[in-house]
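Right after this note come the structures.
Both of the next two complexes hold chain A, though its partner changes from chain B to chain C.
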Partner chain A sequence: MLIFTLRRLSLFIFTMLVLTLLSFSLSFLFPGDSIINISGAINATPAQLIEIEKHYHTESNIFWQYITYLHNIVNGELGISMASQSDIATEVLNLLPATIELSLVALFIAMFVGIPLGFIAAIKHNKTTDNIIVSVSMLGYSIPVFWLGILAILTFSINLGWLPSAGQISLLFEIELITGIQFIDILLSDSPYKWQAFSDATAHIILPACVIAVAPATIFIRLARTSMIEVLETSYIRAANAKGLTFRQMIFRHAIRNALIQIIRHVGLQFANLVTIAMVTEVIFSWPGIGRWLIESIYQRDYTAIQSGLLVLSCFIFIVHILTDFIYAALNPLARGNKYGS
Partner chain B sequence: MNLLDIRNLSIELISENKNILAVDKVSLIMKEGEVRGLVGESGSGKSLLAQAIVGVLNDKWKVHADRFHWRGVDLLRLSIAERKALISRDIAMIFQEPMACLDPTTTIKNQLAEAIDTSSLTGFFWQKQRQRNEAAIKLLHKVGIKKHNACLNSYPHQLTDALCQRVMIAIALARRPILLIADEPTAAMENTNQGQIFRLLASLNQLKNMSILLISHDLENITHWTHKITVMYSGQFVEAGTTEQIFKNPLHPYTKALVDSSPSANIELPAKSRLMALPGTIPILQHLPIGCRLGPRCPRAQQACVQAPTITSFHDHKVSCHYPLIPTKAKRKAIKEVC
Partner chain C sequence: MTLMNKIKVNLLACLSLFALSACYDESTVSLDEHSVIYCAEGSPETFNPQLVTSGTTIDATSNQLYDRLLSYQGKENTLTPAIAKAWHVTKNGKKITFYLRKNVAFHQTEYFTPSRFLNADDIIFSFNRILNKNHPFHYVSGGDYPFFQNIEFNSLVEKIEKINDHTVRFHLTHPDNSFLANLATDYAVILSAEYAEQLSKQQRKSNIDTDPIGTGPFKLKEYRIGSFIRYYRHEQYWREPVKIEQLVFDITPSNTGRLTKLLAKECDISAYPIAHNKIGENKSLTLESITALNVGYFGFNIKKPPFDNKLVRQAVSYAINKKVLLDTVYKGKAVLAKSILPNTSWAFDDTIPTHEFNPVLAKSLLNTAGFPQGFTMDLWAMPVQRPYNPNAITMAKLIQADLNDIGIKVNIVSYEWNTFLNRLKLGEHQSFLLGWSADHPDPDNFFSPMLSCSASNTGSNTTFWCNQEYDDIIQKALQTTDLSQRKKFYSQAMKIIEEEIPLIPIAHSKRYQARNKEITGDILAAFGGINFYHIDKNKKTPLSAKSNNAVKVAQPNVGEN
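Entry: the complex of A and B
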């Protein structure tokens, strides 16, 4: 298990190196002066510019510039935003937790709805239930998310008035920022209206999270269905049947775990897709997350912010990817042990 | 009393345009305490027959039989749930490729423990848990695994094929079955391991009077261990009799060819000459011949062979052929009775 962890860690470090290389090269590829792109100081006086150039080691060769860039990232210096001239690192720290919250809630909704539905479809393979689930999932997958978001606001916020349409929490509540994750902050705060704030935050997250979850959930339905059908055909299920286990025991003790193994591998992959959907949804629901911030930066040609935003988001996706790998290893004894020749 | 009495069992593969009769009216009778070999080439429907007996075929297959008695109980009259309960209590089955038949993500301990009958345990749940573990260890000892702790805590991929097959047999023994169906238990196994598994099965048969239905494609390999043998070809019944009858005095041309094709029957054959074998291969399911399915390959085939032959019995030696190879002496004595 230690070797497995070290392996994942080294993979993480090297992938991050490649990502930083990409974001570093972006400052040269974007139009304009590379030093301004990388630092974000567009209004700098010539004297300040010389100071910045010294800081970024522009006089030495490109390799040293890259090393300096890495050094800056490790120290949390991502430059300042070209548009607002504020420090990007603090902005990211303020915005990223909201995106993490939203995308994780959406991921859990997608998994808790999609996977059981897929299993049910597989168990009722080729029956009406199966056909209904598969066609609904096909429909859900084909709806574009921006349209679905607007439709959801129109129905649930405007026509029915059940849920709020924008923001993370009502402005009435003042919640101190401690961890950045809203729900944890609410629980930590000593406000007398803690529980009202909690229910308000819940009401705010339901609509965007559900809109994000629709497409991944349909993918999970199909993944769960195919892997369950596959597992139900295997010899060990037949053997378990011959052993005298009831159908329920067979499904819960053997089939679900083996089917989950195959799905978990894909969760990491689907998460990247989910974050992309979350970015669009954040714009629609004015969610104060990093996705909306990144899209606004793109509109404003804020190259420094784009670079750092990409880096931070991909880092987040990659961490989730590695976490799913660990869950996979925990479920699958075959992935845990030492493999020869790998 | 017969343990298992199956008459005219047919298994159909349901396909879009036409159902395919994969197993065509096969009869099988087993007595208490006997080891019966079920022999045939791969694709002759032996495994299908075994799976149909245990009832683990999936929806693609349709099974029907004229008679299906288990220790005098007519299983066809019982509901599906009752039948499953009765069969899973009394009949156990082990499969080929034992490693694929054990759940790869569960330890041997859990897989063995869940096969143990709950009604045999007493007391509260923590006591039951301990009894379960003890029973699991006992079962492993029964099949000759001494390092029970190492085995119980491992996953199937950490064990060898032969050990997995022993574990499968232990799982099968957990319910104290009366009949054990072994579907090619030693396929793809080393020779020494094959011997171990067969010896284990033979000792179970002798010590516990457990009946065994041994399925194999290798006639020669199982003759040491069986009392009686049933031969199948392409889903049809060919011949059944004691091991000696089948080996010394085969009545069906197919059995004759099968016996002749084994190297030990050809011991006088000069080196590097061809073994005796029937021309052609077993027909595929989509193109089954009518009548006797051996017809196109049979050296004795005549016009009558386009009709399926009925089963003829010579002193409990049953054969399904229009022109059986009866030695002249026996021919006079033969009492032809049509079943």
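Entry: the complex of A and C
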């Protein structure tokens, strides 16, 4: 397990190095002065600019500039936003939790809906139920998320009036920012309207989370179906069947556990996909997360924010990826032997 | 550890509650019942109206956070006491004394606790900041006070004198009838001198305009740029406090975003709504509009041929199809202008004839004037969007097409906004598209600055039309106190304009607002910013007779065209 951890760690470090190299080179590739692109100080006076140049070591060679850049990142200095002139690291720290919250809720919805449906499809392999589930999942996968989002708002917010269409919580509630994860902050707050706020926040997260969950859920359906079909054809299932175990015992004790392990491997992969969908969804539902912020930065040509935003987001996805690898390894002893990162 | 425990306990409690349908604490009243959310179209630039002329900023700050010495009241827009409980003007009109109320409290917030009620020092501070270039706060936010610069406040006010703690006297260099009206506008707000002193000591002078302290019905709780403004009720307000506890400005620049939030009940009130039909269909929503005190017009340079000829001007006036301009440029959000004065003004006279669209008559007038072949002219179109003209270039193109039909070729000219105005003042143009927004409701605010001889000398009347008869009439109107007599004078003035056509009035734009029927009380005003002082929320009474009445009251100015 130690070797496994070290391998993952070195993979993480090297990937991050490549990513920082990429984001560092972006400041030269974007139009404009590279020092302004990297620091975001568009309104700096000449005197301030000299100060900034000194800070980023622009007089030394490109390698030292890169090392300085790395040093700044490690110290949490991501520059200031060109558009709002506020500190990017603070903005990211305020926004990232909202995205994490939304993505996690969406991931759980996708798993809780997708995996059982996939198993049902596998058990009823080649029967009507299977066909219906597979066709519906195909349909769900094909719907573009921006269209689905707008459709959901039109149906559930405007026509039925059941759920709100924008934001994380009604503006009426004053919730102090502690962790950034809205639900935890609500529970920690002393507001007399705590429970109203909690149910309001729940109502706000349902629509966007469900919209995000649709595409990953259909993938989970297919993954769960394939892996269950595989497991059902293995010899130990046949042996269990021959021993006279009931169908329930066979599925719940043996098949599901083994099938799940295969799926968990893919959760990490799916998460990257899910975050991409979440970024678009955040724009549609005005969710105050990092995806919306990043897309707005792209519109405003805020190069400093784009650079740092990409770095933070990819770093976050990579960490989730590694975490799921660990879970997979913990559940499946066979995986620990894997010599190379996948 | 304790944190984690707290989370766990709370989470458990909520989950169990959640299982019982909803996480409601039945003992507390719903927050929603005494809060109102207003979907605004943009963020304010500052929280001090003295510094701006932008409508968005005035809407968000002026009437909510501050009070003025005087205010307007009623349909006639008469001046009424506000912070000043009474005032006195000397016979020569050069000394104006204000007697202040004694119980006017400033906001108490997280950043300031007032130790005294409002007194003469606050009045002197607020105006000296604008007047005196050496005042410690004059240059704090750039030193620009556009409204006061426009009315030449500095050359008008000689000094402000403190008689005693609750009496101040303004000494003017010359008498000015509009002085009191100007003090009642949204810009002439009263700030706290004590707060300024505190900020000076703390070396945070610029906070006076970002963390505002006023005497208004609401106080600032929290502001997040581009996101929201949260106001709380000012409990010690000198009038009766507002009925709602919390007012939130949800800043939603997207038109569709505001519509969605309105339809999904996420906002109670929406500024500048789109899809008026959709809102009209919805039973729980109501659409209201008010004709703003402004006018968009097509002006001629009287000094340049061929527009020195009255017949040519009349011909052009008959050749333009104003209905099409209204539908295309204003998208129907305006009323047809019959004269320069909006029909909502008390001085408006319905009997004034208007020039209907009539290309045949136009053509024959052009023949009589000696231009049977037509001619070529320049039309200057303003480059910016203004409430009185949302798209002058499009309007110019439509006019171009209309005039082409009677043989007049039009070249459309446009410059950058400041250059445009400067060149207009120099009289380089032949004709132009421009407009006028009133600063205060007195009808003279239209007649004098737009078309008088003195205005043509100072360059604010860029038609350079100067008619002695017209000038005499508006002067007489200013000196008369009898309203019906004044109305007669203004009616004569409008007849002269209609006959002489120095400019063609096109439209008075309307301002729209949509709201949930639960919200009662007037918000919109014909001039100046919106005001939330009168609003209330009747959550429990769905569509009662009471709220229906209020809605009707709120719609007296829906124009008919």
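Following the convention adopted for this analysis, the second predicted complex is superposed on the first by the 336 of 342 C-alpha atoms of A that agree within 3 Å, B and C clash if a C-alpha of one lies under 4 Å from a C-alpha of the other, contacts with A are read in each partner's own complex, and residues count from 1 in each chain.
Convention: a residue touches a chain if its C-beta (ideal position, glycine included) is under 8 Å from a C-beta of that chain, and two chains touch if they have at least 3 such contacts.
Everything quoted here is computed from the prediction, not taken from an experiment.
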item	value
Combined model on chain A where chain B meets chain C, clash or fit	fit
Which superposed partner A:266 touches (first chain B, second chain C, both, neither)	neither
First, second, both or neither for A:124, with chain B first and chain C second	neither
First (chain B), second (chain C), both or neither touched by A:196	second
Touched partner set for A:171, first chain B, second chain C, both or neither	second
Touched partner set for A:258, first chain B, second chain C, both or neither	first
Geometry of the superposed three-chain model: angle at chain A (Cα centres of chain B and chain C, steps of 10 degrees)	150
Minimum Cα separation, chain C to chain B, after superposition on A (Å)	30
Chain B/chain C common contact set on chain A	none
Chain A contact footprint on chain B (complex, rising order)	51, 54, 56, 58, 84, 88-89, 92-93, 95, 97, 100-106, 110, 114-115, 155, 157-158, 168, 171-172, 175
Contact footprint of chain B on chain A as seen in their complex	233-236, 238-245, 249, 253-254, 257-258, 261, 331-334, 337
Contact set on chain C toward chain A in their complex	3, 6-7, 10-11, 14, 17-18, 22-25, 28, 30-32, 35, 37, 221-222, 225, 227-228, 230, 246, 248, 250, 252, 257, 260-261, 263-266
Chain A residues touching chain C - in the complex, by the definition given at the top	84, 153, 157-158, 161, 164-167, 170-174, 184, 187-188, 192-196, 198-199, 202, 286, 288
